[in-house]
């Protein structure tokens, strides 16, 4: 159960698949992934069909799940050795891992792990209050709620954030101020997929690490592949029985 | 935000929808629901289209989610005032609650709550080891892992359990013996949808409460409706934005 | 160990005993229980002799315990198949369960369980600050502190709350406002026994579920009896040795 | 709010009251307390009237509570500046603290605190399995469950343990062996009130600290008095309202 | 493994070593220890060579560790039967325990244990914000974070606090006010070594127990010695292998 | 506060410092680091002077701390942009982070994070039982104890493990067998620095991911540098005051 074999069979470069559950941030996400990928890495970004434009809560996430799995199985068949699920609430992570051979990383998960390596406590600043319970639940499952000092919703739209002089950016910045003072946050996790420039400028402004998830996930995925670490196939992420799967997914468990 | 109004508008009886994510146990589940429903309750059981026959892990659960939501929205439009998701790993509970007005109860969740009212510690005996991490995660989210003394997989098929003299029943019984001795379990939660006769005979054999989920969920759903308690619509289960939904679901958020 | 036998031996109706540890709220509690009981349920309400008029902390609870147990044993002898302890801090729950055959439900406990079925997070609004640590400890034992967003004392007297236009009601309402804003509460548990009308009006005013304990406990007790679930008699709630008991209680362990 | 004043008013010696909820171990408990008390300490041991001979679970504890409070109030009136509740499951600790001015220490609590100062992990070896959930709950409330490696019931009678060559002693010793091997216990808490000689001989035999509760509680009570630390009277242990109390207790809250 | 032997070999008095990791508070610490020591106790206070003047975070603590261990081994060789580490963040507690035979108590640890015996919840008021995460981690390890209502940094210098009319004292007092109102603290732990007069005057001013660590540690150490409880030598605090130690420490593991 | 500036000032390659607290494994550790480092990474390995040959518990760790900090400050002055502490119990992580500008990664910490990305539950297999409590405490602080299914000591020497046919390897393998069966482990963390070949062969033998810490730490450190994430300098890892430091460290806080 070593991942390196399958990589060695490839072309020498490592292909990492970025799965966009929603279309809204797809371009920005792919750009972030490519910017931060290492020299030998090929980014293969796909957007899930038939899913809501953006995942803003459990309903959109539920509707996107079958498409995420379809995309993953297609990506693996096409040579991807690792997969990134590019929605900050990490939809379908367990199901994807049960179907994948290589690592599968959620961008929220990646950001939380990286933040806990550079800060004793971090606050998550996200877009809408509806995602707060989802992120809180994820942090619990990952174990990292202990390192999380708070989850704050800036109530901004991602679109507005593309403008560096928007009021939206000010609101995110104001939440970071509050996180430092009220939560004793030592780092910030930005709950907005692919906002690497925003993260960089906020880090300079506030003088603390600001972690963005897509870039973090790409680097963690690369690292796990380089270490030869596949997703475990025993226990909770064991592959489903072939007969439980529709034909389009059955190839994943051969 | 009182549920009683919508019930009063109905015919005098309370309609509870049972959503079977898989077809395998549908008949048994519906029978269990009808047996334990109160006199004024009408059980409306549906099976999700296009889903795996049974939910045995996160992949099958993911594939069933859109169908669960479709069924729920149709059921609510048809007059159901509460909904039971009849798979022991409670797939889609958060998404379903975000779309529903009345209570939505998972059968695993229902069994855990009832067990914790009649015993200080309970052990869950389920079918396959692959569901163990899912149940452990659910217990954490519900808060009831503190009352859970163990989760044991009997590695039996539901089909075999229909035969009261099968080896499968003996294996479940043997796990209960171990749960009492090794886990200090004071009650058992049977992780097998609708197995009310099995639960009854095991309770007599082992001299402790054995909780079955479908019956428990029906009674809890009835109780919440009678108490006039709807699902909260603020916070994590707030309805999604209408434009995020496909037309078949959009009616739920009008 | 099935409860149904003892019920079947009865007259066809299910008798649920409501034990009032203090006399102050006895009338209101009995009325709430009768209003929310199902059609086949007979409510037998008793008030504990020799106890403080109302339970406002651990001392009053301690003084009420022997009387609660006396009442329970008498009630069971008189045909009650389930028991509700009608003080919000659930005094004597473990001891009562060790003496009872049928389910014993605390009204605080009942309200917490019901709230966690209709909301991801709930805040408890109670009368006096002295009860806050008791409730916090109970929530921990039940496992549900994870779902509890806060416990707030409105510092009101129950008497004043009987007047719908009192300042007391306004203070409770103001705490609910704060709970929604500061705790991100999605439901409210009202820590005031039997205040069903108040709960109803606050639910309408604030647009979220407000759970009252007596009504919740009656419905849960009915449900457990209907499911044939007795209190477990192995482990922590095993009956005491007969010789440890005074004559008036010894009959309970025959 | 300094305790030293009331001590200074005394005779120069510090009187510590030992409250025996049951009569069975009273002589042994008083002897243990006197053996380990410091030179300036006077031990005033009382046995609660009308209580079961020994506390073996929640029912006996409930029945003993009013008598414990009566004894405490009498003891304080008679000059005791600290109180030890000498039953290993610490019955009535919160209520007693709400009535007391000086420190109140439970012998279970005392043993757990002392064990966690001399060992990273300790196992509790107690008499009967029925007390296990009570002790587990107490450890949670005290916070020390994190340091507890296990709770084991030796299923022995205290009477038998008085004989150093009894089979009972062998069973306790065998549980300690298992605790060291299976729980990685680094110390033992002996859940048997006043068994100081047994603790001493088991410590020599097994080569690890064995903590007995009565002696530990006496020393902690002395220490808190010497430090001038009373029981806090704000929050959870604030005194009850005078009018809630029967006349025999009302003097405690003047 | 009984401690009493080594004490019996001594001169009749019990020698407790106070190890000052930094020199800044050494005089005050020794005075506090002597004031609160029992009549038969001899206080042997030493200051660690080559360490920072005061421990204000993990770097100073790390630099002080070898000197703490040197001091402890010398102290034990000189007849000390227990050791107190007199810095509020308890540096080197595990390593010291692995080298010691008698009890080793940290002053932070001692204060937390004493506070949790006299109050349901306590707030820690410390000097600088940098120590907050260290104290939070310690509370977790001791298990007592459950009883801790908050950790507040008054941002004062110890020097300034020596003046009873300084602004520094007012800031500490103001934090206590906030702790009572905002944290519902029922007692205060003063995170400032040896400030016994300050603790006493704040207790009177605010009407709740205020615990100081040096005095608490001396009393706990005396108590453990009197109880014959040594530090456990199996498991996490087993002595290191002799060959791992420099010559100056090797004598400790003979 | 962006790390990229300091890297850009460098020679184009990224220098990562490996700090060996003990000399015993230094060669193997450096080789592992170099094998798994990315193409643009320069590994600068140093061994701490004056420290025990290997860190087998809290005493050795304490003795190594000042040397670890000296090495780190020298390494940073020499151009290292990230630091790996190459002892599995992560000694001095907090102090090192308070002195460093770039990321500091412990090899235990790195392995735990990587394991939790490829498995729902992992068991740690380490050398000696004395390190078990240290690792348990670390997992708690990192938050990842929730994902840890067990910590097992194989009681082997690292020297023996260098021989692939030794009995030592068999014992490690046997513990992995037990971890899979008894702990339901889905991955293994190997608590032995630099044992990359052993990890690889055990992964093949047992069919699950086996994570080695040095390689994991190097990859995580590279990733954090590439992401421009420094160690946070506010809160718990803020630099100490210059005057608290000996001259050899003072340069780190200029």
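The letters A, B, C, D, E and F name the chains in turn, as written, and every chain counts its residues from 1.
As a convention for this text, a contact is a pair of C-beta atoms (placed from the backbone, for glycine too) under 8 Å apart; a residue touches a chain by one contact, two chains touch by 3 or more.
By chain, with names taken from UniProt: A, B, C, D, E, F = Allantoin racemase.
As the structure is a prediction and not an experimental result, all values here were calculated from the model.
Student: Determine which of the two chain pairs, A-F or C-D, is joined by the larger number of C-beta pairs in contact.
Tutor: Higher C-beta contact count between the two pairs: A-F.
Student: Is the contact between subunit D (Allantoin racemase) and subunit E (Allantoin racemase) built from the same residue numbers on each copy (over half shared) or from different ones (under half shared)?
Tutor: Interface between subunit D (Allantoin racemase) and subunit E (Allantoin racemase) is built from largely the same residues.
Student: Measuring between mean CA coordinates, which chain is farthest from subunit B (Allantoin racemase)?
Tutor: So the chain farthest away from subunit B (Allantoin racemase) turns out to be E.
Student: Could you tell me the distance, in whole angstrom, between the mean C-alpha positions of subunit A (Allantoin racemase) and subunit E (Allantoin racemase)?
Tutor: Computed value for the inter-centroid distance: 44 Å.
Student: In angstrom, rounded to a whole number, how far apart do the mean CA points of subunit E (Allantoin racemase) and subunit F (Allantoin racemase) lie?
Tutor: Chain centres of subunit E (Allantoin racemase) and subunit F (Allantoin racemase), defined by C-alpha means, are spaced 30 Å apart.
Student: Using the average of all C-alpha atoms in each chain as its centre, how far is it in Å between subunit B (Allantoin racemase) and subunit C (Allantoin racemase)?
Tutor: That gives a centre separation of 25 Å.
Student: In subunit F (Allantoin racemase), what residues contact two or more other chains?
Tutor: 120-121, 129, 132-133, 140, 184, 235-237
Student: What does subunit A (Allantoin racemase) use to touch subunit C (Allantoin racemase) in their complex?
Tutor: Listed in rising order, the residues of subunit A (Allantoin racemase) that touch subunit C (Allantoin racemase) are 129, 132-133.
Student: Could you pull out which subunit B (Allantoin racemase) residues touch subunit D (Allantoin racemase) in their complex?
Tutor: Per the touch definition, subunit B (Allantoin racemase) meets subunit D (Allantoin racemase) at residues 120-121, 184.
Student: Enumerate the contact residues on subunit C (Allantoin racemase) facing subunit B (Allantoin racemase) in the complex.
Tutor: That would be residues 1-2, 36, 38-40, 103, 105, 109, 113-114, 116-121, 140, 142-147, 180, 184-187, 200, 203-204, 207-209, 211, 215-216, 219-220, 222-224, 226-237 of subunit C (Allantoin racemase).
Student: Flag every residue of subunit C (Allantoin racemase) that touches subunit D (Allantoin racemase) in the complex, lowest number first.
Tutor: 52-54, 56-63, 65-66, 68-69, 92, 94-95, 97-99, 129-130, 132-134, 137, 140-141, 235-241, 244-246, 249
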